[in-house]
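Here is the structure we will look at, set down as structure tokens.
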């Protein structure tokens, strides 16, 4: 049961392993705070949609499967959008059209289609949580790299005297600005994905070696 | 001065080194004590062995029979006894069944008075039959059975017969010497072929680096009152290839996958023409050929008349052995020939030269990544993109390679010659063709 | 006798003859041809520019070394990494902080070249991609130029490059002059005394024979007496090197001619408009001599790895670069645009290679009589 | 903005894939080979032009008058989903070979953020009907341009020895990143200077 | 046929529920959003000229740069104007609010909505960026070119000169507009 | 709370929903495309490797052939093995009679750089068939593994890799038995053996013992010691080469230990250094 939750974190991390939901990932990963906001939005929508899709899985006919899922997802997205506009206006402005685009984030429809459609409600919720958190972690990693290198800052929430921006000493004065732009986003995810693939290859090799040595003994 | 003819696209100009042997007359190589006569020394299916171990054979006796449509007869080059039948490596690196004939008994033909057949009284069909019977194959190196080439399908008309005296491969001078020394025989050979094929026009293409051959050919044609055209050509490799030669002489392109006959032409090498002369006029099968033995590692380079089946090593001994240790020994021309692993391979009908190169004459290309300079594309006479083909093949996309014309490649070696990255392009093409044929794409 | 041979024979496939040109020879020849222009750059911009070149080359070689070591290859000495580093250095302003060329080189070698599999596998010119990367990252330092010492001014004075001067000047300009040099003269862009003298001499003794007249400024541009990147200023020395490359057949005519031709044509046709000089009055010579165009056309666009394979393709490629250079130089945010146009066309090269292939022999069937 | 301006903006300057990251999933998925890339490109152009026009109509004639503009997301996506499914069924019936080539990619268009993206962006930019259509069309063209160029590069990379961990998706991203770097040549200053 | 009806009905049901829920959510959030927007504008206006009292927006037609102005009163007397300006930035339109005295002198500037590049043009959102304009427009001209700035300021705008010129030109235009308004309200 | 607006929302979205729902349902009727469900099911139960071991161009083609009744042999899919065959049989409603023993490939040669002699140094294209066209490879032994890895390239599942001696070795756990490597191997050193095979004779040379001894120190010299050590069967020396009779299930350890050239080796995952 618990593996429905944990698999989303690393083994099937939606961003790095199954490469889904990239559009918002890249576009909003300029600042850490955006990544967190986006992540929260996605977790909420994912939870909602997985819950309802799994709940209604026997009610929805096959033919209108996709439209129904989309309606469910779109409703949650609209809620997120409205709440964000009302209570987190800066974030809403930063994320722009990408909040609405959560609707078409492949990971949400993908989970509905691949998981929630034929799993129980509790399993689906766990899956949504795992995937959502995995997504947020991935987004966080990308945005951290991009913001630190591309702007020399880490932007969090302001509170008290702290304006919410951590400035990295040397880089802040002459950041590698391209990393903060489109190019940087694509390169960063390319290299991260390459790194994860490399890890996977290495793991496989290790397994084989292990088996070999086991046979030898 | 009038611009000399040549083919328009591609080609290279390697240094030709012909000065080593082009002034040395042809002489007879010694008769081998054992002749190793391969059954598969021509293009197509190997001949069927007609003798058994212990049989006695005579000079010129038919010992291997043509076994298919594209195949040729094989004759014993010396009289003797079959000591064994075994598989051997031919100079081209392939493995073939071969008959080992140990020299024994008398020569029936050599040293005897020559008889002349009155070929003019025979029909073209009879002449063609003689060509087939005597095992004549293309002597330029491709060893395509000549009788097949001369079999004109119904409805086809031979407009041009082209005698190939180009000899564009560096180092080789066998054809050159043959043209100088056997001019009359060659011209008579052409007349025989004219009777067989009945072409409208006969052209003799010779590269301009053989002015004496051009001169003597023209003179003798004039003296004999023939209407053959000797056409001097610009020096460019691979002009000796049928397709390039026809393009240069007639301006026509042999269609992809087609034969010269498709554009109404037949091409034969001067060596082939001479063999046809001997076969028809003297009834002599193809048991001898001219081989240029040359290269910087040879003591006394020479043009030798060699009996088929003589070991390569014997020829080198005849030329005074090695001046210095050779690094590479090539059977055939340096552009399309085959490197030898030892000196044991027997001379076959297709071996036009033996080239022994010392270390300093061999450039060992170090293979580095392709830098896409496109030189191979510029020199490819067939309009291929060798670098692209090589990459497709390297990554096993054989269908793509075939789509881009892989099968048109004739392995002339221009691409490999210019490649600055030392990539074995030609071998790559061979591998590609092998797999493409195997997969039938 | 023949058995006396002791060594094993070398067995390879045909052809057994090879041309003398090798990859590393090509790389080092190009490097050699580039050197004079670089030495001129070091001479006019001071010894610091040598440090810039050294750091870009050093970083490039070091990156190459580390990566090839990890992959177990050995391509450090083939000259390609050195050439990449050199070109990055050549494209840097002389007063650049050293970390910029270093990062540019690392980006070029590690990301643009080796991520794709190393020499020959990359589809984008590493040197130019490296340059554009740092250009967009540190635009300020990358557009700050030094005045050459040959202009008789004390060391380390910054000044505008001719194109940069024009770009900012033209933003608020709406008048009529005969062309860029006229515009610069009126706005007080200084020409050196040597330029004035040579121009005067040429006008009097050479051009007058054909009734021609040359404006001041071209000589400065031609000799490299202007602020600019270290290696791009001296058109003369770059052209000399290019002549050698042509002679060695390392570069062919297609790319430079189609590039300079299409760019020149566009400038001639439309380049006069912004000065109020009208159609077909553009100053082609000025634009050909400024902003690294010579360096780009002869040394960077012709990079074998990232240019099309066939002559046909190379002409399309050259025309494309010419068009984009014109577009970016005259309308874009940056004054020059050679590097950007080349890497833009690099994207299209695989497509060009796919379609601009030579005609296969014998595929056009000729009708028999 | 003029139509030319819209076209230049969406094809080059705000290229959906290379600067806006819209439609990345199908971009990475379908750019492996040339032929599907071309087919997908045309499909996307078709759907995007149509979708941006229809969503504009719904927005202007239904949502705005009723004061329920906040429902744009849900209505737009519904319309797009239905549209794609209709297109899918139509070509499956009328052009089976095309369906075979694009089969699995058509459903991807539904969840292609580029389609919803252009609808939302057109609305945000206050375009009129024709402008919306042109924007949709040119965004589709921009998508196809990037897709086809990418496919040609990836076909080339298919014949290179790309380091093993980078083969496939990672190298596609790095390639796209470098393409984006070059596309930075097309900036807004260029557009403004060109069309004033 | 029955299948079609059932299918349609089910989709209808889902849509209906979704729409109703959203309608309620909107009903809750809409006033919050509207009020927040009003408050934000008010805060921006007040921060521009804190000592004054900002009046109602007067719309300006047929002007590319000045879209409207708010008269500012101090002690009941007309004291300054806050202009709603539009400039051409690198990423598109720049929305600028700027306070002018009657003689065209710039009191304070604030860059509102924009799509400038983060790290480059976006820098202009910071209050210290605008310092170079404050005080100009009256006796001193608004610096519209880089060479009119001090060396330090000029370096700071390098790399984002289009944003700088977009703002500067809008401000110069605004200054002229404020001069024309003079003391009128 | 503005109820009228909620009503609008309700009406418009649900209206859209009903229109689209009906429309799609209707359209799916008009545009319905007949699909062969059986074929699809067959395709789904095949492994989807498209390796071609069945002799068809990929799994869909095989599925089509079965579905259309052209091919009645359901055991052609060697990657899927018995399990797939059973699934196919179930779908087709036939009873599967033959049970398949999974076959895997293995290289029958251990002659590496140190242990065997070479005729020349091969430098060309790294492909076994390319090398084979030149005097049948660079080794003196014409039956051996050329070590250029053509089998590695064609293996669809990466089961083959170089080992520390520059020769190839098949991991029998990963091998799916598609026989592509056997097809591509020019010397015939790659051969199929049953998955259960515990030992292999790692030599393919049919040269006489004396000849083998000259060029390879780990080749089979046809000494017949293995036959003697395993008298009930299990080994058979034919044509100067020892072959294992895999139908014999007895022990082979003593024979392997006794082999003077140690060419009878265990078929197990092999150490991979490269």
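Each chain carries a letter (A, B, C, D, E and F) given by its place in the written order, and its residues are counted from 1.
As a convention for this text, a residue touches a chain if its C-beta (ideal position, glycine included) is under 8 Å from a C-beta of that chain, and two chains touch if they have at least 3 such contacts.
Note that this is a predicted model, so its numbers are computed, not measured.
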Both-way neighbours, i.e. chains that touch subunit E and touch subunit B: C, D, F
With chain centres set to the mean of the C-alpha atoms, which chain is at the far end from subunit D? B
Please indicate which chain is farthest from subunit E, where distance is taken between mean Cα coordinates of the chains. B
Selected interface, B-D versus A-D, where C-beta contact pairs are more numerous: A-D
When the C-alpha atoms of subunit C and subunit E are each averaged to a single point, how far apart are the two points in Å? 44
Inter-centroid spacing, subunit F versus subunit A (mean Cα positions, whole Å): 39
Whole-angstrom distance, CA centroid of subunit A to CA centroid of subunit E, is 33
Quick one: subunit A and subunit B, Cα centre-to-centre, how many Å? 68
In subunit B, what residues contact two or more other chains? 338-339, 341-342, 388, 394, 424, 427, 430
Residues of subunit A touching at least two other chains: 63-64, 67, 71, 74-75, 78, 82, 175, 177-178, 181, 183, 187, 190, 194
Check each residue of subunit D and list the ones that touch at least two other chains. 68, 70-71, 74, 78, 81-82, 85, 160, 166, 171, 174, 178, 181, 183-184, 187, 189
When you check every pair of chains, which ones turn out to touch? A-C, A-D, A-E, A-F, B-C, B-D, B-F, C-D, C-E, C-F, D-E, D-F, E-F
Which part of subunit A faces subunit F closely enough to touch in the complex? 63-64, 67, 71, 208-209, 211-212, 215
Subunit C residues touching subunit B - in the complex, by the definition given at the top: 1-7, 9-26, 75, 78, 80, 117-121, 304-311, 353, 357-366, 368-369
For the subunit D and subunit B complex, residues of the former touching the latter: 158-160
For the complex, which residues does subunit B have touching subunit F? 89, 93-95, 338-339, 341-342, 367, 394, 396, 424, 427-428, 430-431, 434-435
Using the touch rule from the top, collect the residues of subunit B that touch subunit C in their complex. 9, 12, 14, 159, 170, 243, 247, 252-258, 263-264, 313, 316-317, 321-322, 325-330, 332, 334-343, 355, 357, 362-366, 368-374, 377-378, 380-385, 387-388, 404-405, 408, 411, 413-414, 416-422, 424, 426-427, 430
